[in-house]
Each structure stands twice: as C-alpha cells, then as structure tokens.
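Each of the next two complexes has chain A plus one more chain, namely chain B in the first and chain C in the second.
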Partner chain A sequence: MRATSREALLALLACAVTLLLAAALGSKPLIDTLMRLAIFGLYAVSLNILVGYTGLVSFGHAMFFGFGAYAFGLLMQTGMTSLPAAALASLALSAVLALVVGALCIRLADIYFSFLTLAFQMLLHAVILSWVGLTGGDQGLQGGIPRPRFLGINLADPWQVFVVTMVAFFASLLAIRTILQSPFGYALRMVRDNAPRAAALGLPVQRYKLAAFVIAGLFGALAGILMALYVSGAYPNFAFWTLSGEGMFMIMLGGIGVFLGPVLGAAIFLLLNDTVTRFTEYNGMVMGVVLLVVVLGLRQGLLDVVMARLRPR
Partner chain B sequence: MTAHLAIADLVKHFGGVVATDHVTLDFPPGSLTAVIGPNGAGKSTLFNLITGRIRPDGGRVLLDGTDIAGWSETAIVARGIGRAFQIASLFPSFTVAESLAAAILAHRRQTHRMLARFPLAAARGRADEVMHLVGLDAHADRLAQHLSHGDQKLLDIALALALDPGVLLLDEPTAGMGRDERWQIIETVHRLWSARRMTMIFIEHDMDIVFKIAQSVRVLKFGRVLAEGTPAEIRDNDEVIAAYLGTRYAKAAP
Partner chain C sequence: MNLDAFAGCLSSASCLITQTSAGLIIGMLLFLVACGVTLIFGVLGVINFAHGAFYMLGAYLALTAYQLTDSYLAAVLCAAAGVGLFGVAFDRLFMSRVYNSNVLMQLLVCYAFVLILDDAVKMIWGAEFQSMGMPAAFALRPLHVLGGLVPPFYVFLVAVTIAIAIALGGLIERTLFGKIVRAAAVNRQMVSALGINTSLLYASVFGLGALLAGAAGALAAPVRSATPGMGVSILIESFIVTVIGGMGSIAGAFTAAVLLGLVRSFGSIGFPLFTDGLMFGLMVIVLLIRPQGLFARRSA
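Coming up: the complex of A and B.
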C-alpha cells in the first residue's frame, strides 16, 4: 500500500478509536482532556512546521491562535453567517494576516525573525486589550459565541463539539503530514538545513519560508477556532506570549524531529500542568525544572530520543 | 548540454577594496579551464559574481550571449550554471539519494507540489543516475552528515551535476584532502567533463592537478587577470612564476 493511503487509514482508525473509547467510557473529564489535547496538540504541530521543519523559530505563533478565535467569535456574534462559513472566513483572514506578517518577518534572520514575530503578537494582544468596544478587552468576548445548528449538527451539544474537534484534529494531522512528506515539505527541510545551498540549486527560499509561515498560521488559527468553540468565548491570553512559549515547550518536550513529537509534548505538558496546579501555585517553577531536565539531560525531545534509538545507522 | 560563458569588464568593490578589477575572460563551450592565483586574488568572488550570489558593480556576464549580470541566483541557476563549493555545502539531515532528488525537484520547479509523495519517481531515477556517475551508489541511504570528507565533496559536486548545467563551477574540488583522495576526486571530475562536455571551470591550488587536466589556465592577482593560456604557456610565463608559481614549475627546473 502506498505510504499516503496507509497514513490516511491510520488517521481514520485513530479517530474512530478515540471516539468509540470516549463514547464507551462517557466520562466528562476524559472528554475535556481529549479536547484540550487535540486543540493544543494541533497548535504545537502547526508551530513545529516552522520550528522543526523550516528552521524558523517563531516566538509569536499564539498570534494566530488568538486571531482565529477572535475572528471566529466576532463573526458568529454578528449572527449573519453560518458556523462553517464563519470558520472558513476566519481561516481566510488568518491566512491574510500570516501573509502580511510573514512577508515582513522572513526578511530577517534568526533571532531578529523571532523577535519580530513576538512584536507582532504583542501588538495584536495590545489591540485586543484596548479595543474594548469590539473585543471586550481583558474580560474577553462578551456574551459567549452563538452556535446555531448547521447540516443537522448542533455544536451547543458538548458531545457533538467533541466529535467535530476530533475529526478536525485528525484530518489536520493527516493534511500536515501529507504536506511535510511532499516535495514541498522536503523543500522546507532544504531551507532549514542549508538555505544558501538551496538557493544555489534554484529554490526560491523566501517564497518557501513565507508559504510555511502561512500554512503554520492557518493551522494555528484552526486550533484557535476549535478553542473558541470549546469554551464558547475568546480571551486575550489566547494571543499572549506565554502561549507561544508553551508551544515551544511542548515541541521541545515531545521532540522537534518527529512528526507526532509535539502532540506527545502537548499531552505531557497538559497532564503535568493539571497535576502540579493541584498541589502548588508555583507550577511555573516545576515546569521550568522539567524543561531544564529535558533540555540539559536529553538534549532533545522524548520522541527524538526514542527514534534515534530505533533508527539504524 | 554545454554553454558559452564570457565575462566582459566585470567590476566589484568591497568598500575601498577592488575584488574584481575589469576582468574580461572567455570560456568556450565544452572547455575545461583552471582558475589559479594567490589567496585574495578574487577567484571565489569571480564565482560569486557569475552565479549571482553577489551583484557586480559593473560589466557583463554573458551566457550564450545573454547578459545575466545582476540576475538573481535562482534565475541564473535555472539558466544552467551549476556550482560546487570550497567547503562542501550539503543538507546534513538528508540521505545522499534524498539530497539529489530534492536538488532535481528544486531545479525542475516541482517543489511546490504538496500532495505528491517525495521523491517523485522521475526524480529518483535521475538521482540514481547521478549517484552512479560520481560513484556514490553504495552510500545512497547514508546521511550527508555521516559521509567521509571526500564523499561529501563528491556529493556537493553531484548536487550541481544533478541540474545538468551547461556551465559547472567547482571551487577547489580537492580542498582539504589527502593526496590519494585528491587524485581520486580529480579523476572523477575529469571523467564527468569528458563524458558530458559541459563548460567546466575550477579553482585549484594544486599545480600538479592544474597542469595535468586543465585545457587552459587563467591566472588572477589582486582582482586582475595576470595571464591566460595553455598550461605550458602559463608554466613559462615569467610574470606568473614571479607572482605565484615560483621557479618549481618552470620548464628549466626539472
């Protein structure tokens, strides 16, 4: 069987098993945990398109998570669009944002790129906080997000939101995986490994960096839209720099060089965070120590270590 | 494929330093030319100007009659000028086969394809061909970063060769190698040139190699053309002997 269809089958199977398992157990905490894992897993995987595969270390990725959530919430609050139309429109707007911000950022190298992405994210965060009339400022979007029925689907029902989120999660993973294993995906790796050499072979490096930035922004925004659906709201911390930092944390924890590494990282991050906050308010300190141990002890993510052991020389 | 490369009155300044000082050179189709000269003579700068990595301040670079001076690096490589580097410039996490397939896809402008699976069959076939040509078949599935120094240089040349360029520029193909390895790689280079007859230009410091394989030689010094001619003429040129060769290679000596 061809590798692509095998992966499609795998994604379908994983999605079915997750849904069946959740249906059989019917546990509300489990469903909540899986929702958050899917949302932040997708967010981390989308960030890793830039960090792990293109070598662009973005410090401002939460900008798209927050923008997607607010755009979707605001569009739904107008009451003029159906839910899928609002989601698609939010994605289109996010792509435009990524195109503009990306075009400005990719001109800069290394740390300057990182800090400019961070600056744009802080700008968005400041706009959200100060444009109280539109965004509700630090209170978040006021009055919740209406979720009218479409095609017989009722997203006010927690189970149906769960199903839609899982389907979106696995479909997105499959899409990103397909893109990363394509000639385009290998062009991104060329840029990461040795951009000047890629240029000397005729690859328009800047265009590929920009394309990667837009694709990563799109899936980051999709994660934000799913988050807005899940909590029926949007809050300024969706676009705050700490979420960008947490995305990096997840990637480094789980593994930068393995496709599913960021998902594992997100799982560990969420479980760890939930557990630690039950015992202490100094959860930041505990997480910091964990990151130090991984970075200094393993020098790579958990799945990176596993794969390095498995791979023959 | 082969092409005619000519440079006319090329100038490049770096601040107050003139790196390329009104250089005029001709490289006929299918020729094999060595560029020699002391450090800082502007040899690598010349390559950078030809390939578009840096833009000239003046003059023309004519590829089959078209002036490509000032074009972007991607446009120039698309036009058929390939290049290998003094320090092997590779994709460390790619296998040898992947590196070549990726280079081929980049050159054929097929890297925008997001739904196909890498590598496409056509690219893989051509990659196998090139691997065979330079003798890297046995290392197809090894990572570039795990190759020996000599094989890394070969892969670097193979990357340029994969594009089937009309002009191939090799910046010190034998740099940093032991004596035996040097001759091995230079034999490969010579075999490639004999088989394909592309216009090949190489920078080299080892005069034994230069005089053995080059059809003609260009000598640069302080950004200017000091001399040009056949290996025999260069060997007897008093100016070149004084400036660069010393008396070791003069005809009278051995």
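Coming up: the complex of A and C.
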C-alpha cells in the first residue's frame, strides 16, 4: 500500500509540475508537444502491458486507438450524450471489442498471435474506409467533434483540453502501474516468463492473457479518445498498421522492461520524427535505419540499458 | 449488400466465367506470396513480415526491366532473381541475427525493412501509381468462354502459377534438397549435426521464398498498378491464406488462395463493403473449428 501511495503522490506531483510549467511558459508549441507526448506515451505504455509484461507481441494495437477515437467522435456527433458519458461508452465498447478479438487471438501462439492482431486491425481499417456513410471514409470523421460543457469544464478551450489530457494521462499511468505492481501484474509476468509453469501452479493462463488484452485495449482506446479530442476528429490512419508498428518502435526505443520506458520512447520517437520530417520527406528510411541500429545494435531500449548499468550484479 | 446483383451473376454464365477468372488470378498471386511465407516459416520458424515488400520490389524491378528490355520474360526473370538475391542478403545480414531472439525482435527488423523499402521505392520510382500495361505478347483479344471474356494473360498467369506450384511440390517432396528442408523443419540441430550447412540451407530457403514473391510481383505488374506500400495488403491476405490452409502446407496454401481469390471476386459483386469481412469471417471460422488450418499435419 505504501508503495502505491508514494506513486500516487509522485503522479500528482508530476502532473502539477507539468501544468504549472506549461501555465508559466504559456507557449503553444510546448503545450502541443506535451499533448502529443501524453497521447502517444499512454498509447505506448498500454501496448507495453501486452508486449513487455505479458509477452504477447500485439501488432494490432492501433485497432483500439482508432476504435476509441471513432466511437467517441461518432457518439459526440449524435449530440445526445454528454462528453464524459460518450467517453465512458466508447471505453465500454472498446472493452467489448478487445474481449472478442482477444478471445480469438490468444488461442494462437507467438507469431500467429501477432499476425492475427494485425489482421483484425486491418479489418477495422478496411471497415472505416469502406463504410463512408458512417465514418466519412478516407476523409476521416467530418464536421468536428462538439464539446458541450460538463461539470463546469469547457473543452472548447484548448487550455482546458490540455489540463484534462494531462490529468487523464497521469491518472492512467498510475492506474496501469498499480495494476502491474499488483499480484495480478506479477501473474502476468509469470505467464510471460513461463506459461506452462504458471498453468501447472493453477493459474488460468488464458484468462490472464485475455484480461491483459482487454486492459491494454482500454487504455489504448483512451489514448485514441484523447487524440480525437485534441484534433477534433478521427482519421483512418489512427487504425492503420503503421501506428501499431510505431507503438512497438516507441517501446523498443525507450525500454521494454522499465515502466516509463515507452513514455521516453514516445518522446524520442516524436522528436526524431519531427526533426527528420523537417529535412526530408523520406522519414521512413531514416526511422527504419534507426530502428535497425537499436534492434540489432543495442538489442534493448535506452532505459533498459540505463537500468542495467544502475543495478550491477 | 446487393443480393440481386449477386444472384444475377450466379445465374449468368458470362458473369460466372469473368468473376471466376478474376478470382483465380487474385488467388494465383496470393498463392505465390503465401507459399513463400509458409515455406520460410515452416523451415526457419520466422514469419517474414517484409514479404509483402519483396512482392512490391518484384513489381518495380519488373517494371524497369520491361522498360529497358521490352521483353516480359526478361522482366519476370529479372524480378525473381533480383528479389531472390535480395532475400538471401536480407537473411544473411539481418534476419539471421534475430533467429534466436523473440518474436518482437524479428517483427521489428522486418518492420524496419518495410519502412526502408517503401521509401527506397519512393526515391527510385516515385510515389505515384505506375503501371506496366499489358505486354505486347499478351495484347491479344480476350478469349470468349461461354459468353464470358477472359484475357489471355489470365490464362498464362494461372498456367505459370500451377507449373510453379507443381515444381515446388516436387522440389519439397521428391528431391534430396526437399528432404533436407523437411528434416530441418523438424530438427535443425540434428540436420546440422549430420554435416549439412544449415546457414546455407536457411539462406537458400529464404532466397527461394523471396524469389517467389518477386515473381508474383512481376506477374502482377501487367494487371495491377505498382505503388509504394502495395505490399501490406497482400501480406495480410497471404497470412490469412496460410492460416486457412495450414502453416507449412503448400497444397493448403494453394487451395486457400484460390478460395480467397474467389471470395474476393464474387464478394465484390454481392457484398462490396464486406469483402474483407468475408475473408476474415472465413479465417475466424477455420480458426475456431480447425486452428491448425485445413491441411496442416501438425498442430499449430
């Protein structure tokens, strides 16, 4: 309990410092950068629940990012739900999607799992592209997302969107951290390291995998909802396979075995991508080479290297 | 959903013939890509996620070779050989380093190459759609079969693919090389202990798979336009093929590829919005009823 309350305090502190800093500097580019970092950081951390902690290499995680964004946008456009209700309903729908897709995918081992998740993601992408009447097809969700006031919060104001995003980001990090440090979280690590042993000890391995899949999908969808709120729309590339690849790229860059590794990875990825895009249109080439160097050279993420140095054995 | 059009097509011989031939060529291209994926997976235990990019490379190489030599045969051979060699180099220089790592590393190396190859193609050939057009040798009048029109190239494509399938089956089932390949799929240490150079074996299997993808790209060039990123959709469909047919089975890949091709071509008439959904539905049913695939010998 003590560790959890200390982490809650840390999250609160980090959130307060970020908000104060942004308020003091008041710089629009800084706020935009922090927004994107929070959204993709949360997305990468949610993916790492599967990749790093459960050993399930999902290659279709953007499915939930895209689904969350579209579900939220579409619900808000009906004009019948309040903003929190739409967000909660989108999360619930995402959880159902994760339950169905997960139940099918976890039946398969390793590489089959990866490809099946990828295949389902591309199915969602195809549906988004072809169901033009609902989703606007390749133009994305048209007409913006209405933001009626709720509880005195006005999300038409960019600063309030920023505050809500930051609070959601740090609260989600805390929630994921708590889940991963709980007995349930350690059971996931055991499933990752030695599934037959976990099964022999009486753990329902498949159920743990499915639970991890649903939790990861939930937070991935939350990142998508925040993204929809930020750009006031939803686009098919939210559910495209490249975003899933980028998620794994972020995890790999930052560190698989460290909780905040994916956040660092997301920061490096965004910085690198923005810088490279400024100089060349061939950013895929540069990012591909960087990825190769990290995978074949370091063989782990930056924070993994740092942590290994800090704890010599 | 357009059930009237679907029923109308089913009751008209000409529409049946046209859609069947269109479905068959989709199936043939899918088979060529999928059997490379399944071959590499069967022996090396890795899925080459960059296989779709190899297919794309084949299409572009064929395009250039055709423009230079004006011979479609040269274009196909050049694409197959070029992509085959690229596959060998890719395996030796990069994939072989992550054979013993986890799936994440293998996926990331392939992902990096998809990014690099897509951009390399953009640099060399440009980002626009490019099409080869029908080679002069096949620019004939379409054949009339029962009132349906079948372009002669379709017949050629189906014949070539069936020949490749038979040759590949013969290679794997009847030759010494095939025997070694099958043995390596079961126990690589044992094969290595018996004095066979498994590195060379792996590189040649990877090269063979890449060669087939390159050939598929070249065969697709006259009927499809080439574009950077064209590899991903065929990769996913070929993966569905291997799941339905059973990983490691060439006969399974062939059957499933034809099935999927027909689903695509007939689905586009009856259920244009749900064609992808139909393919996935098929895969889900197979996964639920027979997870190892229709033709697999071993369980997945």
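We take it that the second predicted complex is superposed on the first by the 311 of 313 C-alpha atoms of A that agree within 3 Å, B and C clash if a C-alpha of one lies under 4 Å from a C-alpha of the other, contacts with A are read in each partner's own complex, and residues count from 1 in each chain.
By definition in this document, contacts are C-beta pairs under 8 Å (C-beta built on N, C-alpha and C of every residue); 3 or more make two chains touch, one makes a residue touch a chain.
Everything numeric here is computed off the predicted structure, so don't read it as measured data.
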Next item on the list: Report the partner of chain A that touches more of its residues: chain B or chain C.
Entry: C
Notebook entry, point to check: Which holds for A:131: it touches chain B only (first), chain C only (second), both, or neither?
Noted result: second
Check: Thinking of the overlay built on chain A, is A:107 touched by chain B (first), by chain C (second), by both, or by neither?
Finding: second
Note to self: With both complexes overlaid on chain A, does A:119 touch chain B (first), chain C (second), both or neither?
What the structure shows: second
Next item on the list: Once the structures are superposed on A, label A:202 by its partner contacts, choosing first (chain B), second (chain C), both or neither.
Entry: first
Next item on the list: State whether A:33 touches chain B only (first), chain C only (second), both chains, or neither.
Entry: neither
Next item on the list: Considering only the touch criterion stated at the top, classify A:178 as touching first (chain B), second (chain C), both, or neither.
Entry: first
Notebook entry, point to check: chain A residues touched by both chain B and chain C?
Noted result: none
Next item on the list: Quick one: which bits of chain C touch chain A in the complex? Just the residue numbers, please.
Entry: 41, 46-47, 94, 97-98, 101-109, 111-116, 118-120, 122-123, 232-233, 236, 239-240, 243, 247, 272-273, 276-277, 280, 283-284, 287-288, 291, 300
Next item on the list: Write out the stretch or stretches of chain B touching chain A in their complex.
Entry: 51, 53, 73-74, 77-78, 83, 85, 89-94, 98, 101-103, 105-107, 109-120, 123, 146, 159-160, 163
Next item on the list: Could you please specify the touching residues of chain A with respect to chain C in the complex?
Entry: 51, 57, 59, 104, 107-112, 114-116, 118-120, 122-123, 126-127, 130-131, 241, 245, 248-249, 252, 256, 282-285, 287-289, 291-292, 295-296, 299
Item checked: In the complex, chain A residues that touch chain B -> 2-4, 178-179, 181-187, 189-190, 193-194, 196-204, 208, 313
